[in-house]
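Below is one structure; the comments refer to it alone.
Naming follows writing order (A, B, C, D, E and F), and every chain is counted from residue 1.
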Amino acid sequence: MQNRRARLGRSYNRFWLLAAGMFFSGLAVADSSVTPPVNAAAAAINPGDNAWLLASAALVLMMTAPGLILFYGGLVRSKNVLGTMMHSLILMALMSLIWMVYGYSVAFGEGNAFFGNPLQYFMLNHVGGAPNPDYAPTVPQQSFMLFQMMFAIITPALISGAIAERMKFKAYVLFVVLWTTVVYLPLCHMVWGKGGLFNWAAGGKVPVLDFAGGTVVHISSGVSALVCALVLGKRLGYPHEPMPPHNVVLSLIGTGLLWVGWFGFNAGSALNAGALATSAFAATHFSAAAAALSWAGMEWLLKGRPSVLGAASGMVAGLATITPASGFVTVPAAFMIGLAAGGVCYLAVTKLKAAWNYDDSLDVFGVHGVGSITGMLLLGFLANPAVNPAIADTFEADGRAVSLAGGVHQFLNQLAGVAFTIALSAAATFVLLRVVRGATGSLRVAEEEESLGLDLTQHGEKAYND
Amino acid sequence: MKKLEAIIKPFKLNEVKQALHDIGVLGMTVTEVKGCGRQKGHTEIYRGSEYTVDFLPKVKIEMALPDHLVEQVVETIEKAAVTGKIGDGKIFIWTIDDAIRLRTGEHGDQAV
Amino acid sequence: MQNRRARLGRSYNRFWLLAAGMFFSGLAVADSSVTPPVNAAAAAINPGDNAWLLASAALVLMMTAPGLILFYGGLVRSKNVLGTMMHSLILMALMSLIWMVYGYSVAFGEGNAFFGNPLQYFMLNHVGGAPNPDYAPTVPQQSFMLFQMMFAIITPALISGAIAERMKFKAYVLFVVLWTTVVYLPLCHMVWGKGGLFNWAAGGKVPVLDFAGGTVVHISSGVSALVCALVLGKRLGYPHEPMPPHNVVLSLIGTGLLWVGWFGFNAGSALNAGALATSAFAATHFSAAAAALSWAGMEWLLKGRPSVLGAASGMVAGLATITPASGFVTVPAAFMIGLAAGGVCYLAVTKLKAAWNYDDSLDVFGVHGVGSITGMLLLGFLANPAVNPAIADTFEADGRAVSLAGGVHQFLNQLAGVAFTIALSAAATFVLLRVVRGATGSLRVAEEEESLGLDLTQHGEKAYND
Amino acid sequence: MQNRRARLGRSYNRFWLLAAGMFFSGLAVADSSVTPPVNAAAAAINPGDNAWLLASAALVLMMTAPGLILFYGGLVRSKNVLGTMMHSLILMALMSLIWMVYGYSVAFGEGNAFFGNPLQYFMLNHVGGAPNPDYAPTVPQQSFMLFQMMFAIITPALISGAIAERMKFKAYVLFVVLWTTVVYLPLCHMVWGKGGLFNWAAGGKVPVLDFAGGTVVHISSGVSALVCALVLGKRLGYPHEPMPPHNVVLSLIGTGLLWVGWFGFNAGSALNAGALATSAFAATHFSAAAAALSWAGMEWLLKGRPSVLGAASGMVAGLATITPASGFVTVPAAFMIGLAAGGVCYLAVTKLKAAWNYDDSLDVFGVHGVGSITGMLLLGFLANPAVNPAIADTFEADGRAVSLAGGVHQFLNQLAGVAFTIALSAAATFVLLRVVRGATGSLRVAEEEESLGLDLTQHGEKAYND
Amino acid sequence: MKKLEAIIKPFKLNEVKQALHDIGVLGMTVTEVKGCGRQKGHTEIYRGSEYTVDFLPKVKIEMALPDHLVEQVVETIEKAAVTGKIGDGKIFIWTIDDAIRLRTGEHGDQAV
Amino acid sequence: MKKLEAIIKPFKLNEVKQALHDIGVLGMTVTEVKGCGRQKGHTEIYRGSEYTVDFLPKVKIEMALPDHLVEQVVETIEKAAVTGKIGDGKIFIWTIDDAIRLRTGEHGDQAV
């Protein structure tokens, strides 16, 4: 994920939210002169690497739409399908705006161990055709910025599965904007940003391995989803009233697109089209395959029949679980991680949810949260320098060389990263929901609206007509 | 005039329609319905949530008939629709006051 | 879009329709000997650039199917969904045939300012593995030909949205074949072909900037769509009878695929995988995001609720609008263009359509026509040599160096290109529809057929059964 | 498809199924030390080629899901849609497992003329970042392995169309596992594996041209499908009861995705991003286009109306038919092959099926089997060294130089390959179905289950709810 | 009290509803049905399999009415629903014992 | 024998079914319908085209019952289906001549 030569960045303490205030003035000034010519550094750019990174960026956007909107949209009742899809679609717009104004800068600007300088790349100033050697030396920095933006779009979209079918649209919009600013961007900086606390490649105090977003994307969204489900409460009628998926076919199409798109997510995180990209591609594939077998297999054993939605859920669980590990493990290890993913997530969704008695409508916590925690921890043991030589020989801040190969030592690092992510996500989500409730009156729609459905009451539309 | 309403298993619809055509009864109106009765439902599971589904897909055939045809139609439907297994369905019959063909304005037996 | 060294091509005046007559003889002769060995010029080919161009070609075809067929198919009534999808599907076959026989040659062969020599690449003769340095020096000419073909497929497909739910299939087929021949191919030559009237990079008298098809694709189809809607008249029952989209979910899937595919459309138009491709990718993304915000925002303000179809329509409007500008503007400028797109297209679809009282069933004019006109004109002011150095220093026919940077001068050039495209499209469409009516008896299906639906009456099928 | 310098591999006679038994021990040992560092041979890797091969692998997986699951899922009745989609989805898991344990090794390991050594790449040992110069010298062997795996997934998935709506899930799973082991892997070795009997590039006794899987993928699955349909017998009520597709829209989305994905299938088979990839891309496109015209055209002539499903079926037929020829023919030749494909497959599906009176539910034989036989044989005449110079000058086992250019000689080679594939597929499928019946009691579900639908009875789910 | 059931062509529903509203009849229940009668069906072909479809889409309107309104309602529907082409549909009328409004428990003419 | 037809709000179906089961009434046939009445519809907007939708989703439950059960069933449905808000629905009751169970050929009260 990162260039190996690391220096702790200087720390910027100016409160970066002021950057947002400068948006419109920025529009005016940032126009032309400040962006360096895109062809300036063309010499250093490898078209093969850039082709792969652009294709990967496109694949990751495809994961959100149409991938996730299909997967989630199929699982809700027909009266809520448009509202559910809108939860993801609107993020393609909102997150891009944030990313342009201050998001990329907070995540990847030079700063302290917790966040980057929001002014460094304000309005994407200085993010042009020249590579940023700290991150991806063979592609335009703009390509790197685009690829990372797609991650910022899908992460809050994942959360929306937990609040489906009952959250007020206005409250949702406010929540995701705050959540991204307070949870996602700092976490992204800590794990992947230069000088970030957990950045193993760039001088982080706690070297946490997370190739493509176990902490940043899946644990953060999964844990926040759980808190959302607990704070919002159950859907009217849950669990007495049957709420079967209104269209499993949509969810299966979504599953296929998620699997395909995840190749961009994980293999694209190599940031070039070399052998590491291939290796991440392979790990991704085999984990998804294995998890489908173990989830459907458990159903076959315990319930007498493997369900199709179960196989699909296993696939997604396998993909979420391998995400942090995809650039560090062999194919057989990835397969084992996948087998574990299917089993653990199946139990989380069927037993844990029943035991804890919450209504995480589309099982974001059970699949993404539990899955990626499993993946992060297994990676602690399975990380393999033969797969990714960069971890054989990294440097701590004091210059001491250490290896991050799998073992108890690295397991503890991983545990620290996971624990921090859980704590930050849970606490921040809890607080932000109170803020949002204060600002919008209530988090949920009125009971009558909930029973009529979000499509009609929040958006004035119906999905299906003659 | 009588109204006759038959609830049958969906996959028997074509056979019943054909049998009725064969005795010269062409007009009927069909609705997809869900039925509940002695026939046992089934269980569906989605990610661990088990639902018992009591309502099974059935088809409702409605016909307005001159009185003299009722018996023959009932027999025809019985023959065509029965599988002998539970859930084969029912026929209900009642008397109607009038029938009107919209196109012509005809009333009564002429209209059906 | 084009190689910068330009000479005015020789003008061929032989009437190029005779080429069509040579089709079958061509099939026989063109078989093997005439195609140069594909590996001949392998030395000049950059695999990274070719990988990106092939991927882009695939993405642009994906925009037509399944992208556009979903977007359009979801918006019609269920009795017309197959017929509507067929309008695009059949073009994947028909346009490819035309492109092979004479289309590519008319568009990109050397010729006069208005069209290329139809015999130069008749039956794609001489279009092989060697690059054509006039267009794309680092990929096989065949790759360039394939990429451009995908544009020729989707352009008439866009028009089909205006005649949906009422045009006779036979008349439709005849119309699109004629329209492509008379409008699309010449326009393509004028804007992108060597020696074309508007080709800023290759000696055009009027240097019009159009990176990926504002005039060639969106204005031409949008304006022709308006004329079609006016000539065909309204659907039976419009506007009294409600005609809501039969399946908004399909349209949202289509929107996601269109956005993803549009990366190929615009970033592929760089014709290599360098920094300009990345820049076009970025502009595309941010414009779509911004337009979703402004369209949904206007609904929220004016109607009290943002609709999901509105957000999706905004995305498509943002994509169509940025298309001509995508290779020439910075990210903040692209964002502003997107904001304008969402607002202007929203007004076109809601107010202008009502005021002018036409039935453009799926709003092709309001979204693609109005959007791309907006984009072409804004580009006149925002074109930025820092983004695309090639426009800093171009040559007029007399050898004088001029810059095409944004300003009043370039705005007037843009205006000329837009006006010409509108005039050509409107006039030709009007005439061609009369020709088609003459040849097929009537443009519309009979009233009874219209009320039964196109699926059953034109194709003998129904989309949805048990 | 293959490196041209050939030696007959040594023959390994150890029975390779014992490899399967070593799976779990393998999981333990194969973990880390045995996989060579992925970056070892980075020097030889061309990022452009690797980007294209990874993108192609993703595209081919997309053909299975969501491509094929949509195409097939739309064609069955709504009570069987999930079961039908599961037939393909489960193969993404099962085939990957087989491929990891012994599949890749049997297909591409060095061995005798019929299969490779199952131990050579057992658990994908030694399949890492270094290229395998026998197959693809510019990409990691792992990329080649991944790309080929996607073929192993989709091939048995194709067969599932013939047994749709009536086969017991347990019997299906057992059958596809056996079929892959006994039919697919050996055939893959014979045609594409080093030293394979039909491998024109690597010393095969019978040099059969099959660029991307006419024999290996489409004829093998098509013929096996026919045998399955005959052995299983007709669906209850067929052909008296109407069984129209429950959702043609799904099938059309699937068609679009199949076409797009097929670019990866065929152009990816060049194994690099050079001019041959472009040429295969072009052939693929034009054949699909032509076949859509001829299928829909025949309907228009014979039935008075072109159907939309007919155009889509033509597209798939054109794609299956060009597959073996895609790397060897010019665009006009590809167009002609496509025209033939649409006509021949239309007749197979409408006339032959009626005459032979079998119930191949989704016409796997009529489209894939008949199509690819047509393509293989036409290729015998149309193979063109100007397109693919490698066939101009190949070597027989005795060192004699021969050309495989189109003509009677090569036609006979093609015929031999086709005949062998038909014989192997038919005989093995027939025997395996008896084995499976013995093991699982019966191949079909009970009549009552069939009338309730596979979704409910095999998987406990319904696709569509409120 | 009477129950009136009208089977009409789907695209006439809005007109009929409007006409009924205009004479003050607001309450009605509508079902999508399929009808078979003298109106000819059509043929569909999917990959060479031809199906003759006899069942055509219709809409069923049900209304409970006080006796004195029946005649006026029938006339209104006739006027609004007729195209003059075969397949325009039928009206059936029968006597009902009671009607109850669930919300208030009212019975009889008050309830409808 | 009586035929009873209840039009209720869709989300009340499960409760009503359960209540009927509790008093031993198992057989019923259910149809998805759209209702129009005093309950106000809503407005939908698609790209600026505003539609007022008067027809709201309802569920129709049909039951054939022996005369003596009618009163109890009506009360049961009233209790289970009422929300007190406008649009709760109606019950209609009429007399039928006969009921037949297809599987056995039984007639009358035995058949339901």
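Basically, contacts are C-beta pairs under 8 Å (C-beta built on N, C-alpha and C of every residue); 3 or more make two chains touch, one makes a residue touch a chain.
What you see is a predicted model; the values in this text were computed from it and never measured.
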item	value
Shared interface partners, meaning chains that touch subunit B and subunit E	D, F
Chain labels contacting subunit E and also subunit F	B, C
C-F compared against C-E, more contacting pairs	C-F
Centroid distance [mean C-alpha coordinates] between subunit F and subunit B, Å	18
Where subunit B and subunit C are represented by their mean Cα positions, the distance between them in whole Å	53
Rounded Å distance, subunit A centre to subunit F centre (Cα mean)	47
Multi-chain contact residues (two or more partners), subunit B	31, 44-46, 94-95
Contacts with two or more other chains, residues of subunit C listed in rising order	46-49, 51-52, 55, 242, 244-245, 247, 253, 273, 303, 307, 309, 460-462, 466
Touching pairs - complete list by chain label	A-B, A-C, A-D, A-F, B-D, B-E, B-F, C-D, C-E, C-F, D-E, E-F
Partner subunit F, residues of subunit E touching it in the complex	3, 17, 26-31, 64, 94-103, 105, 111-112
Touch list for subunit B against partner subunit D, complex	11, 14, 42-46
Parts of subunit B lying in touch with subunit F, wherever the complex brings them together	2, 6-8, 31-38, 54-55, 58, 60, 74, 77-78, 81-95
For the subunit A and subunit D complex, residues of the former touching the latter	46-49, 51-52, 55, 59, 77-79, 244-249, 252-253, 255-257, 259-260, 263-264, 267, 272-279, 281-282, 285-286, 288-290, 292-293, 296, 303, 305-309, 311-312, 314-315, 330-333, 335-336, 382, 384, 386-389
Touching residues on subunit B, where the partner in the complex is subunit A	44-49, 51, 53
